[in-house]
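Two complexes, one shared chain (chain A), two partners (chain B, chain C).
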Partner chain A sequence: MAIEIAQATGKREREGSPWTGLWAVVAKEMADHLTSARMRVLEILIVLTAAGTIYGAMQNIRSTIGQDRFLFLKLFTTAQEPLPAFVGFMGLLVPLIAIALVFDTINGEFSRRTLSRILAQPIYRDALLLGKFLGALFTLALVFTAIWLLIMGLGLWGLGVPPSSEEVARSFLFLLVTIFYGGIWLALAMTFSIIFRQPATAALASLAVWLFFMVFWDIIAGVLAQTLMPIRFGFSEEYLKQAQLELGLTRLSPTTLYAEAILALLQPSIRSLGFILPTQLQGAILGSPLPLSQSLLLIWPHLTGLLAATLLLFALGYTLFQRQEIRA
Partner chain B sequence: MKRWFALLLTLIFIFALAAPSVVLAQDEVPGKEITFFTTYPSQVVGIGETVTLPLRLRTTAPAQVISLSMKEVPEGWTATFRGSGRAVEAVYAEPNVDATVDLRLEQPANVAAGTYKFVAIAKGEHGSAELTVFLTIQEKTPPKLTLKTELPTLKGTPGSTFRYSADLKNEGGDDLTVNLVAEAPAGFQVNFKVSGQDVTSFPLAANESKRLSIEAQTVSALEGGTYRIVVRAQGGVVDATLELTAEVTGQATLLVTAPEGRLSGQAYAGRETPLKVIVANNGTAPANAIELTSSTPSGWTIEFDPKKIDTLNAGQQVEVTAKVRPPEKAVAGDYVLTVRARPANGTTQSADFRITVLTSTLWGVVGIVLVAIAVAVVAMAVMRFGRR
Partner chain C sequence: MNDWVIETKDLTKKYGTFTAVDALNLSVKHGEVFGLLGPNGAGKTTTILMLLGLTEPTSGEVRVLGLDPSRQPLSVKSHVGYMPDLVGFYDELTAEENLIYTAKLNGLDRRDAYKRIDEVLERVGLQDVADHNVGTFSRGMKQRLGVADMLLKRPQMIIMDEPTQGLDPEGAREFLQLIRTLKEEGITILLSSHLLFQVQAVCDRVGLFHRGKMVLEGTVPELGRRVLGRAYRIHIEAEGDQNAIRSALQKVPGAVQVELADGRLYRIEAEHDLRPAAAEAVMNAGGKLLRLDVETQNLDEIYAHYFKEVEHGN
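Right after this comes the complex of A and B.
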């Protein structure tokens, strides 16, 4: 049997690097994305969002001027009625943009019958899939970086104070986390575009998942926690265990992970994202900011969880794509 | 009969008319036609006082010139008769009108106490009169001040105020203006108070007594020991001194701090971290048996090495290592840790340390392992399904 496997693997031995043509695919994909009308609409949407929320935040910060060490970070988190804060908008918009970018990336090629033509070139399927993913990711990164620079520039102009190095580091990490959060939705939408031959179905499936995590998962987590850890005697331990289970369940959702990670990054005074017993806070100096390394440590599980989920989704999509018959 | 009766009546009438003149004629004894007197012939006077006595002369005889002189004057005294601002020697006296003249008596320079007799004589044409005047020079009490206190020795700590109360009495016969001066060693600031007011000088009438409050404020860095404060009250040529004693007992004043005064540190959750604490004695006496205690956030352990400092001399400091251990599940962030040093003699001192709790990076490693597994899965998928 070992010989068989060896023979089988031997048959599949590659010739040349699987990365051949990867950057050509990336460059072409980016060019397609950046010139598409779909991207224009999304860009206008996000620029308007950014300008509106930052303007509102700046008005708010100016009117309640205080000795805040992290004035720049407040630009992202301050909400001015009726607009929510910039980070709130991002939690909503990033998945939508990611899904909109890639929901038809593979099945679109199928329906246009261009896939076999591409693969007739000396490009592996690996390179094609990764190139499409990276192309979309770089597009996202480009757009978000531009928005981030716009916000920092507006902040400098509007607040008149330069940001401290820690503020820059924290907001830059916020940008990175946002891009990677986009990555998980890219991987998801790409997987669906491999599974479903119809782009509309793939888009609907992706949106369904997004809606499920945005709206329903919190409710389901609450119900699940109540069923799995029912309160029998009314001890405070029971309540605590139930709440912890519910929190653990909601953290399966990438939206929750992203929201918590952003909260810890942009509000340095956040010490813990879980439940804190009053005894744990005895003697604590409340409101004192955590060093950046500690904030990072706090959200490290979130970040690794997001990254691992992205990789696993990509692996799933890759496996499915490799096993697909494309000579249609 | 009727003629005899009329003659008798006439005689009686005549006699009745003549009788007064007969009586007056009998009063005019030789030498008594001049009356020489003064209202207060015996007086008590002070030393150095010049006495002026108003004298009166009365004569029944026809108007005449009466000469005045002193029959007896004590040695050294000067007696002069004065009238209209001048020295006079004779007076013109009219009958039944009092003539006045002043007798001025001047004391010699060093007059002794006692009674002095002066006899003045007024000589007229038909007689003379003498007037004896006694002047008693009273011995004046010499000026004298006394300053007394009931509690001349007080005990206290450095930095406290020693309050003595003393009685100052003017035992002399003169009113005095008293100046108060204190000679105190360095580290003492002496103030005087009378009726609650700060004074350095005040009038004190003869035989008057005043209660004086002497307040000696000490500096807190004063070394323990016995100090002498001399209080001097000066009034004119006399003075009175009072020696006061202040027994200052040294005090241990502790200070809890850290090297370079940096009262902050870092500690990892669940790990023992040494924290340097400095206990210094800034007082004036050694501190004994200093116990180190702390109040920590709940779940923390803290251990001092050494746990107890037996003796810490004044001006010395000792470094103590506190092994701080936040609990395993401590939430990252800043906490307040209070370290107290309690000597057997003296007050407890404390310092607040700000400890930043850092959480372990162990879970970060776990996250990286998780990502590594995901990468491995992708790699495996590539290995398994990678096509030509």
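Right after this comes the complex of A and C.
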């Protein structure tokens, strides 16, 4: 209803709901993803990752059974050399999986010459685009939830103790944040699939962005902070300002936001997210653990940031797609 | 509304400074087959996209089934079937699965959808390959699946862009036959083609496009009369006194010009099909009729002739 009113006040009145046919598109996209060979490969990759890291973590934490209140959460965050922790892997894998799902979603319809036939059905482009996004998001949600259940099962079996309700809640929130994190990369890769007619170009562009945030952004943020807030006299405020700027800059990266958010969720002892190198999952400030509500408060800005970025990217893709002329 | 299914008024589409469709006034009647014909780049596809609301006109008006496609695209698209040129399907899905998606997008419920899918696949002769992946289909089969895809929504009108493109002559002929049977069911058909001669036989009326303008419009014989000064060319082979036969033929009402091509071959340019009168004239002149043929109009010839005249006029 709100949408209809918004449109009525806009330049041109459009008939009917922009979401007519949305669920048909969602169902088709999910069916496509879940039966595709591409998804098979990704599933194998993620199951291997989960199995390897959880096994490693278990070796490490068995000794502390009975001493730690949040033993289950350690399954996700404990690294066993040479493997990083499960959460470390997810920071890397989630973007890759999201990109792999949708980098060819619009340009693929162009090259298969199905797009104009689909858009000649009584639906708006809005429904097609959102349907494709939701289809991929639900697919991610399904796969991640399955992996999450697998890990919980492995933990129960390997540790021999059930998780506390707070552990279940915290790890479930970790699952939710991970799905949302996937959403950003879906929106990004989808936008590239609208901009570039060649799927390979769209995939490369998405991977370039991923690599940029994975590897280069932290370095660039450091250099930028040093240039913009140089230490002139060696006062401690100068160091503080510089560090604050650097932290602010690194938080422009979705990878940092995600890493910090899940760190606070999975390590209740973390009381503040200032001045921790975001890629370091260990070595946070220790103390008495925070209650869940306080941890949530801590990461609230991160969550809104992730969501806002997703909405922005989706809006960009939407605008581009509305303007595109469909001749195939 | 009246019985015009499509009406456009000064419909114009510009890309920057380039005018792809220039002040088009097009009317298509209920139940007819209308051919949008012209060479590549003439503006046929752009016109079709505007009729479906898939691209916004720069100026001018469009009415399809009495509706404005850019304001009421959902109503237009639920009553009008569209087959783009070289229509594509999802190769990894079967013919039936592809149609199920279309049915769902049209809001058909499951039972209804399956019933209609069986119907339309049978209609286009693909019922035996319903569960084959479309990836294994030939161009001709995909084209027929495209027709099934359009018929699924039980359209009042269908629009096909270059439907015979990529088909061999035999495939094209079969496809045109399919179009004829659709017309018999009362569906209004608009089709575009750059192969004028190939599709002229199925069209009740045609509009000839040139650089965004519809330069000629009417039935093929009408255009022949207008442009070539004749609608029919009749070939006669007859034995007998050449001068007598020739002058008798010249007196037949509707004959524009009579030529003696070879010893006993006569060629008549005529305004209408005057074969019975010509046969009578030959016999009355004491000739013996050996052969009598009527040559159908050739749109390519009309088109070429028209532009030769336009150029000479300039």
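By our rule, the second predicted complex is superposed on the first by the 299 of 328 C-alpha atoms of A that agree within 3 Å, B and C clash if a C-alpha of one lies under 4 Å from a C-alpha of the other, contacts with A are read in each partner's own complex, and residues count from 1 in each chain.
Just so it is clear, a contact is a pair of C-beta atoms (placed from the backbone, for glycine too) under 8 Å apart; a residue touches a chain by one contact, two chains touch by 3 or more.
Note that the coordinates shown come from a computational prediction; the quantities given were computed from them, not determined experimentally.
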{"item": "Chain B versus chain C as contact partner of A:252, first or second or both or neither", "value": "neither"}
{"item": "First (chain B), second (chain C), both or neither touched by A:48", "value": "neither"}
{"item": "First (chain B), second (chain C), both or neither touched by A:28", "value": "second"}
{"item": "Touching partner for A:20 - first (chain B), second (chain C), both, neither", "value": "second"}
{"item": "Of chain B and chain C, the chain that contacts the larger number of chain A residues", "value": "B"}
{"item": "Which superposed partner A:126 touches (first chain B, second chain C, both, neither)", "value": "first"}
{"item": "Which superposed partner A:318 touches (first chain B, second chain C, both, neither)", "value": "first"}
{"item": "First (chain B), second (chain C), both or neither touched by A:118", "value": "second"}
{"item": "On chain A, positions contacted by chain B and by chain C", "value": "12, 14-15, 124"}
{"item": "Chain C residues within the chain A interface of the complex", "value": "45, 49, 52, 54-55, 70-75, 77-78, 80-84, 86-91, 101-102, 104-107, 146, 149, 153"}
{"item": "Residues of chain B touching chain A in the complex", "value": "295-300, 329-337, 354, 356, 358-359, 361, 363-364, 367-368, 370-371, 373-375, 377-378, 380-382, 384-388"}
{"item": "Partner chain C, residues of chain A touching it in the complex", "value": "12-16, 20-21, 24-25, 27-28, 32, 112-114, 116-124, 325-328"}
{"item": "Residue numbers on chain A that touch chain B, as the complex places them", "value": "12, 14-15, 18, 124-126, 271-272, 276, 279-285, 288, 290-291, 293-294, 297-298, 300-301, 303-305, 307-309, 311-312, 314-315, 318-319, 322-323"}
